[in-house]
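Below you will find the structure I want to go over with you.
Chains: A, B, C and D, in written order; residue numbering restarts at 1 for each.
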């Protein structure tokens, strides 16, 4: 059984290796390597999850000969393993769903570069999830940024390149701030490993030393990671990047990349600084306020948007606002709700992106909202997928979005301070706004289009058996959503247990 | 203001440089200047880190004559971190520059405002 | 004085060819030097005019202060806000610095047991005389592997952007490149033929002595990459491709990264499971010492040199 | 030594500001190159020779070369030359 302890390290190294090997092979082989890799990663991390659940505690894996403060370390607990497995599953499904589109939109000579990017991206996500060392986190944050930029740029039109410039500038600013915060923390504590920094911080707080630099360092790191994960005032790069890149990239970016940074922020809160200390500072209040603003402003922008892909992208801004709002509540319930929302949002948003592409394909490739009329009949499976995703985002029971909203409301009610009322009000407003734009779209795709228009514009219909991989992907996503919605208890249990192991 | 501003003058300069880099990044519309601003920000952080290790009278951590005394050498950790950082920043700036070339080939300008205006005109 | 051999035979004579080569008249491999006249680099008048018109129109529209409310607003507000933001940031950071522990204080938190062990026991545990190299390649090996991968990913990204397919586009780019770059510049070539070997030797020296003196894979690789860039800009891509083309690049890159990865994986897994490490550390101070550091340094140096050259080649002509 | 270091630090600040305010791109890049070189000298003064070598090779060498090719590719050098011609 103890061999399972090696699996996190093995899975990261495997990802990097297959990225390296992929650069020397043809497209076909690259695809097979990529698929095999992701399957392997899912299996390895699922086994790790099983192991951590069986032992009931987290374990530390020393990378190399030298233990704690001297060498690098990985740390795997239930929450980390759950996240890693989930990231693998979402990445697999997103790649499968967007495969046809990838062939249409991307030059075949560059497919293996695309697979390199996804392999390395998965490696960096796994490393961000598992690492126990702040500087390793920084290095892999950079890898994540660069490969995300590659994923945006792989479809080359003016929009994506402009979007990737904006993305790069914002996220390099973010990583600069993160590095700055990290350096100040190193200077205050003399350590880079999360657990050791934590101990030193407890020590210096006890003596009341260096309180101002500590607060500023935490603040800078939060701002950096918030910029990178597109929290409300820093979301300018997001709609273009998600709206115009190829669909697998959009799904991966929206559901995984920003979530990786958010998870890192969570680790910094819990494992580096300690949640009690964070709760005493005003940083959580700031995150709370920005989260609330993001929830409202993202939804309003989405209502005004006529382009369906950009609409979904703006909805991401709102959902990231939810997650930060949950952190901002400053209670364990709030954090649990946020983590569950990370999962729910990842499963739903990639489903939405992938089914939206099916709908636009049968509407003459137009992304305009009005052209989508009746597309739900022309591509039935995509229509079903989009409906499921919308219902989940709005928060209809049975689907995953409902559970996370319920958890948010519960956390707000249980909150001791005066944060309860604003949370509940904004949650209600945001749900209504969500319902407006998602239901508007769902109704639009199920309003029958006049036959003459269909003939004139040359719309075609997709028969159920035609796109097998796409159909299977949508079904898998739907099942995943229903699973998260109906079987939420064990997952919440795992999250709670993982958070307990965090400290 | 705290007590150590004068003693930490190298760090103070590094922070000012960070601010100047940030200023260049925010205020200059030209992409190449933005990239230089990013580079200045990065080097400022590295200067900050490297100066943290320095103690007068101690030498670089290369063991001479087998003397392994802590009192004799400076702390090697910041150097290692900065080494990693420099390589990261060169690859990032190469990437940014290649994006610049592509953008210029398409829009014949380096100004981000103008590029946005052209995008609106294209109505993509 | 008449010659015993004919004029043609005389020209094939080794010494004559050598003299011609020295004076820069012939190329020993390709025959006579091609001396292309430098063509005018500017594109033809019509397209340029069109660009200019486009440009002015867009500029006018972007900076149309009268009719563009957003621009006016930004002009008034954004710049001041950004300046204020920067000043506030600087002030906050200076405040932070003023409360940080004193730099020159030997008892500041940075100089704790971690640094102490790297210095006092580093040589015995890693075999490296240079504590910095020892630290980044053994104690914190995972970081450094990640860093090498940053370079790798960045090259792939640049390839996505600038790599051109075989065919007309590539040819156009080649011609474009030929217009801008000096061809067979005598000064550059003479200097490069003296400097390149020295740069290469210095680069190799820095890589191989990474565990003994300042430097290591990254700096040595960058030096070698710079040497290759000098060689290319002096002698052109055709000559460089005789010994360094895309195939060689791929093989070098993949083998270097794989060697590093394999060594790294072996090191992590044996270390974590408490299996004995069989790589001998050697005697500190010798070239062939310090266990995994030397091979990793060589691999990293190769990778960095390849990357730097690849950046240059991709930037200049969209291919290797 | 400390005075020398302070002069260099002042030079860094001047360089950084003038990069931001210089009118021509070529000038900014040259100034940035000298900024990197001064930075590597400061690192020697701070007893970090590893960093100094790497910064001199990477920051002042390769990065500047990449900047120059970019300028060439975007024809900024030609345009600047033309402007100069016109000014004369």
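Quick note on the criterion: a contact is a pair of C-beta atoms (placed from the backbone, for glycine too) under 8 Å apart; a residue touches a chain by one contact, two chains touch by 3 or more.
None of these values were measured; they are calculated from a predicted model.
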| item | value |
| --- | --- |
| Higher-contact pair (C-beta pairs counted), B-D versus A-B | B-D |
| Rounded Å distance between chain B and chain D, as computed from the means of their C-alpha atoms | 13 |
| Whole-Å gap between the CA centroids of chain A and chain B | 28 |
| Chain A and chain C, separation of their C-alpha mean positions in angstrom | 33 |
| Distance from the mean Cα position of chain D to that of chain C, given in whole angstrom | 17 |
| Set of chain D residues in contact with two or more other chains | 48-50, 54, 58, 62, 66, 70, 73 |
| Touching two or more other chains - residue numbers and ranges from chain B | 2, 10, 16, 18, 20, 22-23, 27, 51-54, 60, 62, 77-79, 83-84, 86-88, 90-92, 94-95, 97, 99-102, 118 |
| Multi-partner residues of chain C (each touching 2 or more other chains) | 93, 95-96, 99-101, 108, 110-111, 114-115, 118, 130, 132, 140, 143, 147, 150, 153-154, 157, 161, 214, 216, 218, 222, 311, 315 |
| In contact (per the touch rule at the top): chain pairs | A-B, A-C, B-C, B-D, C-D |
| Sites on chain D touched by chain C in the complex | 48-50, 52-54, 57-58, 61-62, 65-66, 69-70, 72-73, 78 |
| In the complex with chain C, residue positions of chain A that touch it | 5-6, 9-10, 13, 16-17, 19-21, 23-24, 61-66, 69-72, 107, 109-110, 113, 116-117, 120, 123, 127, 133, 135-136, 139-140, 142-143, 146-147, 149-150, 153-154, 156, 161, 180, 184, 186-191, 200, 210, 212-213, 216-217 |
| Chain B-facing residues of chain A, complex | 135, 139, 142, 145-146, 149, 153, 156-159, 161-162, 164-166, 168-169, 172-173, 176, 179-180, 183, 186-187, 192, 212, 244 |
| Of all residues in chain B, those that touch chain A in their complex | 2, 18, 22, 25, 31, 34, 38, 41-42, 45, 48-49, 52, 77-78, 81, 84-85, 88, 91-92, 95-96, 99-100, 102-103, 106-107, 112, 115-116, 118-119, 122, 124 |
| Footprint of chain D on chain B - complex, ascending | 9-10, 13, 16-17, 20-21, 23-24, 27-28, 30, 32-33, 35-37, 39-40, 43, 46-47, 50-51, 53-54, 58-60, 62, 74, 78-79, 82-83, 86-87, 90, 93-94, 97, 100-101, 104, 110 |
